[in-house]
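Read through the structures below before going on.
What follows is chain A paired twice: with chain B in the first complex and chain C in the second.
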Partner chain A sequence: MQYALLKKDHLNDFISKLAQEQKVVAPVSRGFGQFSFEEVADASRIILKHIPTILPPKKYFMPQEETLLEYNLSEGQSMEAVVECQKMVLFGVHTCDLAGIQCLNIAFSERPKDFNYLIRKNKIAIVGLECNDYCDEYASCSLMDNHFPNGGYDLFFTDLGDFFIVHVNTQLGDELIEKTKVFERADKSHMDTLAKMREKKRGIFKNEVDIDHQELEPLFKKSQNSKVWDELNKRCVACANCTNVCPSCYCFDVTDELQLDLKHGKRYRRWDSCQNEGFAKVSGGESFREKRGERQKHRYYRKFLYPMAKFARFFCTGCGRCSRTCMAKINLKETIRSLITEKA
Partner chain B sequence: MKKPKVAFFDFACCEGCQLQIANMGELLLDVLHLIEVVEFREVMSEKWDKDFDIAIVEGSITTEHAVERIKKLRERCKVLIAYGACATIGGINGMKNNFDLDKIRQTVYGKDYKYFATIKTQPLDAIVKVDYYINGCPVYIPEVVKVLKAALAGLPYAVPDYSVCVECKLAENVCMYEKGVTCMGPITRAGCNSWCINNGNLCYGCRGMVSNPNQNGAKDVMEKYHISVDAIKNKMDMYNTCRELKDEQKKR
Partner chain C sequence: MKKIAIRDSEYEPKKSRILRTKRMTATEKLFEIALPGGKSLDHEPGQFVEVSVFGVGEAPISVSSSPTKRGSFELCIRKVGRVTEALHRLEAGDDVGIRGPFGKGFSVRILEGNDLLFVAGGLGIVPLRSLINYVIDNRRDFGTVNILLGCKTPKDMLFNEEVDEWNKRLDVKLNCTVDKADPAWKGNVGLITSLIPGINLDPDRTFGVVVGPPIMYRFVIKELLAKKIPERQILVSLERHMKCGLGKCGHCQIENLYCCQDGPVFTYDKIKNLKGAL
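Up next, the complex of A and B:
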């Protein structure tokens, strides 16, 4: 069965049946127009129409802080690798965030492989959720070509009023369908409704910035010495919100810490950011990117140029989180527009 | 291993940071397995007049008498830990530096003010070498434990030089500015794990500013959220007035 149908009335059964067996996380409201992925027991708290959550679902694949190994100093160099992971279903992931997870998969599969990430990833079932309309004015998913589903999920839900059309993409997705027994067969009329919605969606989602997708890489290539970075230098306060909320940022810092007995200890990693003052500091106190503008430029280049050379893929997903959360109103779409104007 | 001797002292402060130690609960038992507390006015009556390993010092320096006392303390200990906002950055006591010292004395001591000598508020490191810093008003116990472990193991502890926003985002709090509240998080040094914001309060900037705050950029933030310069200045002055004193010293 490639496509299935779930009546809206049965969504609660689907979620609560899954939640009896394993952890289920889904977008819930945090008030003030903000959302986050949280554990749910049924569908009552789930918000289907939401702007991107404060943190992307990245936090389940690469937790903010995670133990990598535990050691015991009283036995010489005795240490043991640790992977903290748990089986779970991640429900309600927008196409931008699916793209973010795909980026992380690529980065962490590179040699040396990141086993903590890869082991954890295999425990997570992903259920995507289509955006039929824009979430808000910050999104640039159309520019990044992430507004339509493009893989990276086990099941994919499209809300069509009284029912969801569900694309079954993997064996694991099929198992979720079999296990919960709340799905029906989708017939031709349902598929026509889906096609109609997608056609309408093509009219709604337009390239948000006046530049072709393929032209982004050359634009950044010739903007190395742009004045736009000086402008960002004046504005950025280096709060690092942009990178901490980014679905494709994966930098981390590793620390060893002893327990109070000063014998046992653990090595853990924690999200780090190229925007932080100390990130590019080396011994002697020198910093490779002392100016905030240089750090901002680095962030943009890690999304639009370097990953193109390395993975032939943009690492910006168009989710708009960096612009939404910026304390200094630095807006990704405006930055690209300024670069275009300057080079015109 | 002989337990290191640790002593607590205080200068101008409310002694609330020392109270945090007394409030540690069961964790305190683990800590006391590691150290021998030889003097701690708030919790014990014993005194210690010999040398010791670690001095944990709360409070800021506000009189000539305090200057002499901290210098003598420094000579008696191997490691000195500046403990709490007053000791590390001058803290609330720094507000005094915004006023004429004579006028301040008159307000506090009335007509006999001349008998009460005073100097501008200074953090400990303006007078003596400080080995470890534990910021905060009050200190954050998990960080106290971290620094204590570092000091006992002879390892350095670096106070994070990024903003509270970093830890606040990792905790996935709704931004205070989204709630219409002015928060000092964006320019305040992290290390507290955004303790206040996690619990529904805003950041008051008690840990001092990051080493390289963008003052021009802060204006954009204020404009975005319609906040007046005076409102921000008042909030910054609450803990950070001594910073200006440090800037002056740098210029000299």
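Up next, the complex of A and C:
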């Protein structure tokens, strides 16, 4: 069975049956037009039409804080490397965020491998959810080629009014279907409806910036000394919101913490940001990338240039989160437009 | 949340024993360390390890001993902050955690058969000492050896006895300079760059190996290029903030390169066009 059908009325059964067995997280409303992935018991709080959540699903793959080592300093110091993980179903992941998870997979599976990430990732079942229309004006998923499903999920839901067409991509996805017993067979008429929606979608989604996908890498290559970075230098307040909400940013800091008994302790890692002042400071006092504009450039280059050479893939997913959240209203699409204008 | 133990985690240090310590200056201390079971570190000169003091943290430190010294290795640590201060409180018999060795060191296979010009400023002698002693232990496999050492004052000189030993050898030429002399000082006074023009060398077969504080590189490299040493025969070791040593945490990144994995040793031609490398 490649495609299945789920009547909308049965979504609640699907979620609640899964939730009886394991943690299920899905997008819920946080008010003020904001959304976040939270644990749910049934479908009542799930919002199907939502703009990208405040934090991307990265928070489940690479938690904001996670223990790497536990140790006991009494009796000749013992330590153990650990991974914190939990079986869960991640429901309602947009295609841009699926791309973000793939970026993280690639970064952490490159040697030397990061087993904390790799072990945790395989405990999470991913259910994607298609966007039939744009979420809002910040998105650039079409430019990044992430507006159609491109794998990276176990099940993929497309909302077609009264029902979802569900692409069953993996054995694990099939198991979720078998276990919950609320799915039906998709017949040709349903598949035609899907094809029609996709056709319509092709008309809606256009490159959000007037540049070819392929031209992005050369554009950034040429922009090493661009004035645009000086411009961002004046505006950025180095709050690091942009990197925190980015689905493909994974920089971290490592810290030790001793309990009050001064015997038991742990070493954990925590999200860090290349936008922070001290991020690249060394013991001699020199700070590399001292200017905010240099750090902004670094952020963009880590999305549009460096990963192309290393992994043949952009690390910008087009989700628009950095632009939505920026305290200084730095907008990714405008930055790219400025670079184009400058080079023209 | 459930915690499961993982084997072969790259973050797991090996519990290692401090065999010996030696105070070198007011701020530098030497540690001789053995891995569990007396296993060799098997590093290349120029590589570094991550040293843990549990409950305090981890710091990247260059291996200062030569790989020809087996069974234990040496680190020379300057006290600058939390982890390095905690390390300074440790003595022989105490344990530390060791991860690594990490990164690309000085490729001794490429250096073999060639003339070598070592330029060490300040703490730069710490990683360079590993290579210098390797070369001395395999002396006939290399051409002429010139060593230039520079530091602020005679008090800051590291490895004095060893440097004297090098100086006594007929197969090593050595020159020291300080920014500010004291009455007992018999060597040169002035910047290390001033020692380079006077050296007689064959640029085609000379490798310049330079380690020092960030500002030193630009000036020294200029002098080496003036001597017509080809760009890819100039080797430097760069210091960056490092946390993981695994090419993941992002702290050490220089443009597209990760200093912890692609470096810390680079040939000049690979980094000369990278903004913020030197």
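Here, the second predicted complex is superposed on the first by the 343 of 344 C-alpha atoms of A that agree within 3 Å, B and C clash if a C-alpha of one lies under 4 Å from a C-alpha of the other, contacts with A are read in each partner's own complex, and residues count from 1 in each chain.
Methods note: a contact is a pair of C-beta atoms (placed from the backbone, for glycine too) under 8 Å apart; a residue touches a chain by one contact, two chains touch by 3 or more.
For clarity, every value in this text was computed on a predicted model and none was experimentally measured.
K.L.:
Is A:286 in contact with chain B, with chain C, with both, or with neither (first, second, both, neither)?
P.N.:
second
K.L.:
With both complexes superposed on chain A, which partner does A:82 reach: first (chain B), second (chain C), both or neither?
P.N.:
second
K.L.:
Report for A:258: first if it touches chain B alone, second if chain C alone, otherwise both or neither.
P.N.:
both
K.L.:
Contacts for A:107 in the overlay, against chain B (first) and chain C (second): which applies, first, second, both or neither?
P.N.:
Only chain C; A:107 stays clear of chain B.
K.L.:
I want to verify the contact counts: of chain B and chain C, which reaches more residues of chain A?
P.N.:
Looking at chain A, the partner in contact with more of its residues is C.
K.L.:
With both complexes superposed on chain A, which partner does A:34 reach: first (chain B), second (chain C), both or neither?
P.N.:
Touch partner of A:34: chain B, not chain C.
K.L.:
For A:301 in the superposed arrangement: first (chain B), second (chain C), both or neither?
P.N.:
So A:301 only meets chain C here.
K.L.:
Does the superposition put A:19 against chain B (first), chain C (second), both, or neither?
P.N.:
Once the two structures are laid over each other on A, A:19 reaches no partner at all.
K.L.:
Of the residues on chain A, which ones does chain B touch that chain C also touches?
P.N.:
The answer is residues 257-258, 262, 278 of chain A.
K.L.:
So in the complex, the part of chain A that touches chain C is made up of which residues?
P.N.:
Touching chain C: residues 67-71, 73, 76-77, 79-86, 107-108, 110, 112-116, 119, 224, 250-258, 262, 265, 267, 269, 272, 274, 278-284, 286, 288-289, 294, 298, 301-302, 305-306, 309-310 of chain A.
K.L.:
Going by the contact rule set out above, which residues of chain C touch chain A in the complex?
P.N.:
So the residues of chain C touching chain A come out as 1-13, 15, 52, 54-58, 78, 80-81, 84, 95, 97, 213-214, 239-241, 243-244, 246-256, 275-276.
K.L.:
Quick one: which bits of chain A touch chain B in the complex? Just the residue numbers, please.
P.N.:
30-34, 36, 54-55, 59, 64-65, 234-241, 244-245, 257-258, 260-262, 270-271, 273, 276-278, 292, 325, 327-329
K.L.:
How about chain B: which of its residues touch chain A in the complex?
P.N.:
Of all residues in chain B, those touching chain A are 27, 30-31, 33-34, 145-146, 149, 152-153, 158, 160-163, 165-166, 169-175, 177-179, 185-187, 210-214, 216-218, 220-221, 224.
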